[in-house]
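Below are two complexes that have chain A in common, paired first with chain B and then with chain C.
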Partner chain A sequence: MIEQTVKIVNKAGLHTRPAATIVKMAAKFKCEFYISKDGLNINAKSIIGVMTLAAEMGSELVLTFDGDDEKQASEEIIDYFKRGFDEL
Partner chain B sequence: MKKFSQIFKDAENKITGIAAAPGIVIAQAYLFTKEKLVINESEITDVEEAKQNLIDALAKSKKELKKIFAIAKEKMEEKRAAIFEAQVMILDDPILLKNINDRIETEKKQPEFIVNDEISKYQSLMMHSYETYMKERAGDIEDIKNRIIRNLQKKRWESKIKNDMIVVSDSLTPADTILLSRSNAKGFVTDHGGLTSHAAIISRSLNIPAVVGTHNATKHIADGDTIIVDGFHGYVLVNPSKEQIDFFKEKIEKLVELQKSLAELKDQPAKTIDGKEITLLANVDVTGEIDLVITNDAKGIGLYRTEQIIEELGELPGEDEQAKIYLNLSTRIYPKPLVIRAFDIGGDKFKFLDFDEPNPFLGLRGIRLLLENQKMFKTQIRAVLKGSKNNNILFMLPMISTVLEIKRSLEIIHECKNELRDEKIYFDKGLKIGIMIEVPSAALLTFELAGYVDFLSIGTNDLIQYLIAVDRGNDLVSDLYQEFHPAVIRTLSHIVKEAKKAKKPLSICGEMAADTLAIPLLVGIGLTSLSLAPATIPYAKRILRSISFEKSKLLAEDCLASATVDEVTEKLEKFFKDNSIKRTRNII
Partner chain C sequence: MKIDQKAISRKEFITVEFLFNNTRDKFKLKLYSDKSGFSKKITDQNLFRPGLALAGFVGLFSFARVQVFGNTEMGYLDQLSESERRKAIERVFGFDIPCIVLTDKNQPFPLLLEIANEHHVPVFGSSYDTTKLVYLISDFLDDQFAPRISIHGSFVDVYGVGILFVGKSGVGKSEVALDLIERGHRLVADDIIILTKKGEGILMGSGTNLVKHFMEIRGLGLLDIERMFGIRAIRYQKRLEIIVELEVWDDKVEYTRTGLDENFFDILNIEVPYVKLPILPGKNITVISEVISLNYLLKHYGYDAANYFQSRLNSKLKNHNEDSLRGVDYFEHDFE
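Here is the complex of A and B:
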């Protein structure tokens, strides 16, 4: 299991477009992938779940990956967070 | 035997409305109330059926969203496009769907209840957020939730529709009307809508009697009641007495006889008694009508409303699919002409999720939308060209209001022709291009606009509503929608004169052309080509064959000098009386 805290760095926050991109990325991997924030733990393979996360710039999320391809999944998805969802 | 007026005066079980499509029918009522989004929480017995209904409703919702997206994507800003994409993804959300399916299995309740409950959970999480954009997002989720629920309810209703019933509804969309006609609806009664509402137009096309704009039919009629619909006079009788049933049964017999005699007119020319020949063309909404067009011996298709293809298919068809439809239709009618009108989308004809226009009728519709969405426009033009192998297709542009719109359209058409030439695909090099005259500015500029095109066609429905500034779908003012308004008649006369001056053929294809009372007036003004619903052609032909062209001209002059609707109507009625011409509604 891989657990990592990430920070939202783009101005618009985790809005609908990045939410959709994250879910599409997650769908490519077999491992489980959860995002938690303020006590809310969301299955990140669910678009409607990810959309319920209100994550503005500066807020912190905990990402958890668990499964065979967890390393690859975490690298790709954490990188997307670090790039500020390609909106920097 | 009592007279009609007597029967009706005595009736306490009557509902009045607008006579929207001719015919009389006695049958059971089926109440089709779809607007209210009331969640049904009842238990289910067949879990597998419920799960299948969910799958179907999700597929239908996806199709609808894709249709909206295909039409709107060029105009959609990126943010809206992302929300649209997310909505489509929700329909495939594995976690959400698993929860819903699990709950259907364990709780055995209507899927619409479980869908509502599950999705609302997420919404309440969003609503509790302090971020304002989260509340907006909850609204987007609301859209998709309601769409799924609506489609689930539709499934539930569809399974309830029995054959051979009269459908009673608050209002009907074109898609509803087509769907219901497939289950052999015998008649339509609606609370809202006027003569030119889509339910009315399509009922006339499909030859199903209809009374619309009753205001309260859904309140007075219960599911399963026996009702009589008189589509000639606009009356509905609820749970009729034996006397009323006998009376209308006799009317139906007379009607059958009349229709037989009308059928005999089929091979007779549409000529006035003094020898003036009028071309009677057909308006086509749904491809299924083509049989009726041929039976009634229309001289061609004067208006093919292609936006109905989108309604019928539930999605925007691609180039080849469209080309096939156009080629088939032109082959069926060959060698007579087929006028294809470019998609007239917008206004009341299509509700976009993404364009909440304050004034849709004055907004992005017809040619304006096509010029903004050139990809869609080009797909249709290429399809029309590809389908033009029989050399009998004409192409018509809707909602033209300026010369520039014609010029830009012609450029795009030219571009498409060059493309096809390069691709070595055959098309009719002489394909004629025409425009609709349905906006007052176009009417005034008839002569100038005519210089750029090969033919013109008046669309009275829109022309009247724009001329009088009245929304035909708004019950509060729809009384003001008057086809015999002197301003309408003078405008029509102006268009006729200017088209003659420009030496360009002119036709008229609105609902007014199908009003038997209007026919002598239209002919008298100088119109020589009328395009109307195929079912109404024999009625129009019967009137034409009993009037005099010379007398009609005098009538038109008289009407052109009138100042009020009442004066015009009086003159028309007097004309019918003086010349002993009986309207169909007065014969049976």
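Here is the complex of A and C:
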């Protein structure tokens, strides 16, 4: 299991489009992928879940990957967070 | 199914304003003081009667709780002289109390309001008697400070039984929920379910504020179930009674065959009946879910099919010669 904290760095926060991209990226992998914020723990393979986080700029999320391809999944997805969803 | 500790949370405080705004109509609360103390925090779900603190004993004064002034407190203050009364009230306000609630139509002394406003402590009053108001506020605070957990799944009321479908992403939870809605059952929430411990042994489930009754069906996108199917297809809250885990058929897993042994799943120290359901082509999960619900109701009303069948088998094992194999002893002349 891989667990890592990431920060939202783009101005608009985690809005619909990046949420959709994250869900699509996650769907490629077999591992379980959960995001938690303020006691809310959501399945990040579901678009409703990711949008419910309503994660604004500066907020911190804990990403959890669990499964065979967790390493590859975490690298790819965490990189997308670090790139500010390509909106920087 | 696994429970992640990160999914469990509990409110650390509510503001006095939140308490007042959410209970003023139900508890017939009236605000006597000004609103300057509305941002004060309540961190404890218990209430306190400060009778002894008013009288001078502040040794075990739980000042951080909501302070209830009933007939005892008000009666005591009433019989004091003006200067003694000021002393008693100021003694209590020397502590950082969140708010004061007067019960049983008690009116605040002007002196009490004056000191309360000075210390920015809100004062409310209600016409309910002390026992009733203490019960109401305790129940509200219990609910606010109850442990809650967020779970990924679909929560549906099937024949009045709250069934939570869990399972991996893409296994078809939302599709089963949609099918059940189409057959007249009611959606509580899809995707993110917030379960709150209510009293001992009860878990109440609801959706989140943002999502309400939206649902995602892969290939279609987001759907608004309330708009699409109408008010009868939804409900806001439901007690969790059964968890059904959907999973792709696995040869190595043993699935229940008799139903004699019930399985349970532990959520926030509450044991919830738990069924593991394999998905196979041609297997109608919707109808099976309805049957799970009906069987639960039968058990609830005292009839357990598995147990009943077992007792029939046992009696047959005892008197094996008496019954024939055929279910009907003699086909009389009615050849229909």
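Simple rule for what comes next: the second predicted complex is superposed on the first by the 88 of 88 C-alpha atoms of A that agree within 3 Å, B and C clash if a C-alpha of one lies under 4 Å from a C-alpha of the other, contacts with A are read in each partner's own complex, and residues count from 1 in each chain.
Definition applied: a residue touches a chain if its C-beta (ideal position, glycine included) is under 8 Å from a C-beta of that chain, and two chains touch if they have at least 3 such contacts.
Everything numeric here is computed off the predicted structure, so don't read it as measured data.
S.K.: In the overlay, answer first, second, both or neither for which of chain B and chain C A:A19 touches.
M.R.: first
S.K.: Applying the touch criterion given at the start, work out whether A:E56 contacts chain B, chain C, both or neither, answering first, second, both or neither.
M.R.: In the superposition, A:E56 touches chain B alone.
S.K.: Is A:N41 in contact with chain B, with chain C, with both, or with neither (first, second, both, neither)?
M.R.: second
S.K.: Is A:M1 touching the first partner chain B, the second partner chain C, both, or neither of them?
M.R.: The answer is neither, since A:M1 touches no partner chain.
S.K.: Would you please give the residues of chain A that touch chain B in one complex and also touch chain C in the other complex?
M.R.: Of chain A, residues 40, 43, 45-49, 51-52, 54 contact chain B in one complex and chain C in the other.
S.K.: Would you mind writing out the residues of chain A in touch with chain C in their complex?
M.R.: Going through chain A, the ones touching chain C are 27, 32, 34, 36, 38-43, 45-49, 51-52, 54, 62, 64.
S.K.: Touching residues of chain C toward chain A in the complex: what are they?
M.R.: 4, 6-10, 148, 150, 152, 168-170, 190-192, 208, 210-211, 214-216, 222
S.K.: Write out the stretch or stretches of chain A touching chain B in their complex.
M.R.: Result: residues 15-17, 19-20, 23-24, 40, 43, 45-49, 51-52, 54, 56 of chain A touch chain B.
S.K.: Chain A touches which residues of chain B in the complex?
M.R.: 78-79, 82-83, 85-86, 89-90, 93-96, 119, 122, 125-126, 129-131, 133-134, 137, 140-141
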